[in-house]
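Every chain is named by a letter (A, B, C and D) in the order it is written, and numbering of its residues begins at 1.
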């Protein structure tokens, strides 16, 4: 029954990772910055705030937060964290994760359109645009990784006993996808609410109170799901032997490393124009293709 | 029957009597086919074998339909003072002479007599083409009679050479049977030349491109029941003549010579008709060009040869006769109703004259070879023959042209048939006789494909035997 | 020869036919029920009877097409199907537009039929019979180059019917013009008869002969996917949008089929069966949810009287059930778990994965990877497109006055729609069972015996053990999602909230014209794919005076690439030749006679050539 | 024998270059006379009564009746003068000669005849037919087309009687009748044309196109 613990664990630490990233950014920017537990405070605050709902909205707007939350939690269930076999290995595989996340995104985009404000529409449009362009890169990197394992079964994949060049490249490709999906720089900027630049934030602009809390939480979880995948691809737990302690250690190191990288990227690059983002994703696609080629070559 | 008009005065009764007469002819002849064991020949001048019987049957069908249709048509013309009563009577006289001469063609056994009969059809129908004495119709008639006579001269030339070739091997007669029997020994070159002349000569009459030029004019200007006769059966009589000579030729120089010629002419005709159909404006001219197309198809079938090809060709002759006459009658009604022939102006026929419209629509789909109508089957058979003989290029071209023509006709007629009718126009009622014609033809059109009548199948099969010269 | 005309009307009820019959009857049942309410007020009684007559004929002909066992009768049924559907397309035959659409449709499909006929007749030459099984036996002896030609002919012929790019142009014309229940049948079922033809005549009868067949099909399929979905994104006429999505989904189906053709050539039987299953599964899924979407579109069209989604909005409040149904359809077609579209796309992706794992040559492996990428991109774009469609039609504020008095559809229409919604769920959640059934169909049509294979068949999950060690269980997905949603909702859902108008940056009142438009929504895609769409715009200033501009009119268009660079040149060439030929017949009798003269001379000169 | 043939061919040339309708008809008459003589000659040679009768018919129809009929038309319609042609006489004459040459070559090349006489007469008849057609092609007036038609007819008759010593008798008779009837019908149509168009220049009859 450690499994539930795992999933609960990442659901709990998910906001923390965001906090850490923010902390790292602030430190890099020579600021004091907020504590790493700030996201929790935000969530709690939002959770007890009164909710303001636009009167144009329909039930779509209402159920979206729950669906989004559910989808990311299901994704979290699919991801192996420190034990090889994920809880939900009978439910599906690596490919399913992409589709599950797509479900949440679909409803978020609808909700963005629901209120009838042009920000929401703009946000949904851009979100769908970027995510649809991110799909090929994601699927290629998944394929590359899975080709090394001979299956798309996550448990088997992360049970690999050797680490291949193609997997690493695929990991980087997935990293870029993750940046796009978790609306980080240089694709999107979580910090600003400047109308013309925001993407994810614009989409959820109409949400407030508890619904917003759910959506925030969902995006934290989504982020950690991606990070866990990448961490498991780049530093598979098994390098350190099957021991559970070592696994946890490896996992935490991985997550921290990735967070650091993300934080560093966020402060060091400027946000791209929407149509430059296409090139960014195209690059991830090319990386994924390269990964496939290499893994077909057998490296 | 030619005397009939001199007795009866009123166009209507005249027409009815006429139609009844042709009905008797049709039914009598069908009975004759059923009963008599072909071939039969009486006093060595008339000779009816299966092939002839088949053609006579076709002619009988179409003439009957035309006669039935004429009743209403002529009466309305006479009522509308387009033509005087005498003119109406003249019409029936000519009609009868015309159909008599057409009936004569397959009946006589002497090839020169065949030639004369065909020349007679030209001479009699010329007046029917120029019936309305308008400038256009007279022009059409002149072109028709001149071009056909020129063609027919060559046909006679060919006949003479045939006769010479036959007499060289000691058969001093133009009797078809003797010539066939003598076929083997004749001088090959001579026969070849003769057949070329025959093909060009009768081909002119049959409307093979590039000798087809008279056809669209004549068909479009002729009085409508006659247009049906012209493209329904007149062309077929010429085909019959060519067929007769082709049999002799094949006996003498082998199948390939004639089949090559047939295929070439057929493809040219298909191509020409396709081009002209696509850019056509006038309904009856379009139908005329489609007749050229179908004659091409028939010759393609004869050219592809083999049992299947010949079957397809003969079957196609009947189908085309039926369908095309239906189309011409429909066009006649439409043109009478809308007072114009330009397909860019006529709209919404289905809503303005439901019965004719629906019949015309179905006829159109039959004409462009859609199942379950009969033409689909014959065209398919011919295609089968083509592929069966491995003539891929010819068959491919055939398919290509068929598709082009399909597109062209659909493009023109779908606009004419559907769409909005002119506001001032109210839905029309057709006369009983007209309805009868349409129903009669439509039944033939629909039934022939699905369920071939046994006796027809029988005579077609045995005429194939004749064509293949066994 | 004598017995040519009494070909016996004989049937071949193998699993493949039965599968297609099921698809046909499922969708046609819904559409027929739907049409009761749909036609009710709009048309006269005569028109309605006419509709029923045509509908019956249509269904029967389709059923014949997929169940006869004789190529000639198949051809007849095929043509009759086209003819009847033509009459259905021009059902509102008063509009020039629908006449034009019907014409394009019939001409295109006739071109296809010509190809099919040619293919059949070449096969007949070897078999001397039109019976399927006889053909099948004869095709074994056929020389490979002939086989290739037949393959190309059949692919072209059936490709027209199923709307493979670049033969797809008739779809966006014909589907919108037909009445909606007909569009749902045409797009849901009729274009599938093309797929049936491909499976029956290329896989079953002809037998895959070389790798490039499969690869060609895959390439065409990939192109169809992308082109279809991109055009759909640019389209704002709801029914045209759906029609383009049919092109896309046909592409997805063919991805599965082509993959299986490649495997057949490698004779990796289990994989061949598996990927064919994927294709068939997507086929039935598409039939169901596309039928559903078209019916919903029809209800919307009935309620609002137009098809332009820019003029809609807020309908979810007026017609909740239709909105719900449309949402389900949209989720299914954008492959969102746990609905059926997801299952088949997942299967297809698995097929590609295994292909790129075990394909013989490296190049092929990478090619399969690319196919997967294309499929993924297509899925993403489809999702975007349906966010646009659903959002613009049902959400936010009405964009035109017409919407205000829109009402929910009639009872029969609702029943039909909900029936299809049920099927969508059933196909999604019953994936295990469907997989089992389809395995039988696929094995029959590939002639591979799956008895030996370990397909780990299970009612609750797909475990293609023969292919790889993974499993997918849609019921569990649904269960978990449901539990979490309901749990969270009951546990934490209730919260004090108040209604207030949307935040409008202090702008005094938010109006529909402030809303985001469909054009705006698809702008990023238009820019991203401009290399293919070749968009251009027209800005029109209506000036009050030299200095004062009353209003702007901004229109944007995309160039119809295929029409412009393939079809117009062809038609132009034909017309040009025809116009040129016009010179042959200028009415001069002398010229006419000289034709005869020249003919004679030429014939005499070349006599010995004949 | 050859004299007649040469006469026939020469007359054909005359017709090609003839400038006035009357001279056209006249030369046709003369040609028919030659034809008649040729037939008579053959009749004497072969001693066949049928050929005698044919010759008689020829004389009656082609030498007397038809030319008179035509010239009546000419007189009635007053269009003796100016007989339009598309080519100038010299050039058309060249073409006519070329046609003769062609048909001679053709005859000698292709067909294996029994007797020399037949070769010549066949060549002549063929060329006469061709020339008749040629006349129909390059003469504008309707009447001249009729004459061309008759010339072709003459060629045919020559061929028939030269090659096969005449077709079966009754056939010949009927053909004669047929020709006569058709000429009369042509005449009627010419009258109609003249009535409607006030000219018989058929090159202007080109309203029906494509």
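One rule holds for everything that comes next: contacts are C-beta pairs under 8 Å (C-beta built on N, C-alpha and C of every residue); 3 or more make two chains touch, one makes a residue touch a chain.
Here the structure is a predicted model, which means the values were calculated and not measured.
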Central chain of the complex, centres being mean CA coordinates: C
Most widely separated chain from chain A, with each centre as the mean of CA atoms: D
Two chains sharing the most contacts, counting C-beta pairs only: A-C
Whole-Å gap separating chain B and chain D, where each centre is the average of the chain's CA atoms: 31
Gap in Å, rounded to a whole number, between the CA centres of chain B and chain A: 78
Whole-Å separation of chain centres (CA-atom averages), chain B against chain C: 44
Geometric centre distance via CA averages, chain D-chain C, whole Å: 70
Residues of chain C touching at least two other chains: 582, 585, 589, 593, 596, 604, 607
Multi-partner residues of chain A (at least 2 other chains): none
Multi-partner residues of chain D (at least 2 other chains): 110, 133, 136, 145, 202, 205, 207-208, 210
Pairs of chains in contact (touch as defined earlier), listed by label: A-C, B-C, B-D, C-D
Footprint of chain D on chain B - complex, ascending: 110, 112-113, 116, 119-120, 123, 126, 130, 133-136, 138-143, 145-146, 149-150, 153, 156-157, 160-161, 163-164, 167-168, 172-174, 187, 189-190, 193, 216-217, 220-221, 276, 279-280, 285
Touching residues (chain side chain B, partner chain C) in the complex: 142-143, 146-147, 150-151, 154, 192-193, 196-197, 199-200, 204, 210-211, 213-214, 216, 256-257, 260-261, 272, 274-276, 278-279, 307-308, 311, 350, 365, 370-372, 376-377, 380-381, 383-384, 387-388, 390, 395-396, 399-400, 402-404, 406-407, 410-411, 414-415, 418-420, 451-452, 457, 461, 464
Contact footprint of chain B on chain D as seen in their complex: 110-112, 114, 129, 133, 136, 142, 145, 149, 152-153, 155-156, 159-160, 163-164, 167-168, 171, 174-175, 178, 181-182, 185-186, 189, 192-193, 196-197, 202, 205, 207-208, 210
Chain C contact footprint on chain D (complex, rising order): 86, 102, 106, 110, 130, 133-134, 136-138, 140, 145, 202-203, 205-210
Chain A-touching residues of chain C, taken from the complex the two chains share: 313-314, 316-317, 327, 331, 334-337, 342, 345-346, 349-350, 352-353, 356-357, 362, 365-366, 369-370, 372-377, 379-381, 383-384, 386-388, 390-392, 394-397, 461, 468-473, 476-477, 480-481, 484-485, 488-489, 492-493, 495-504, 510, 512, 514-516, 520-525, 527-528
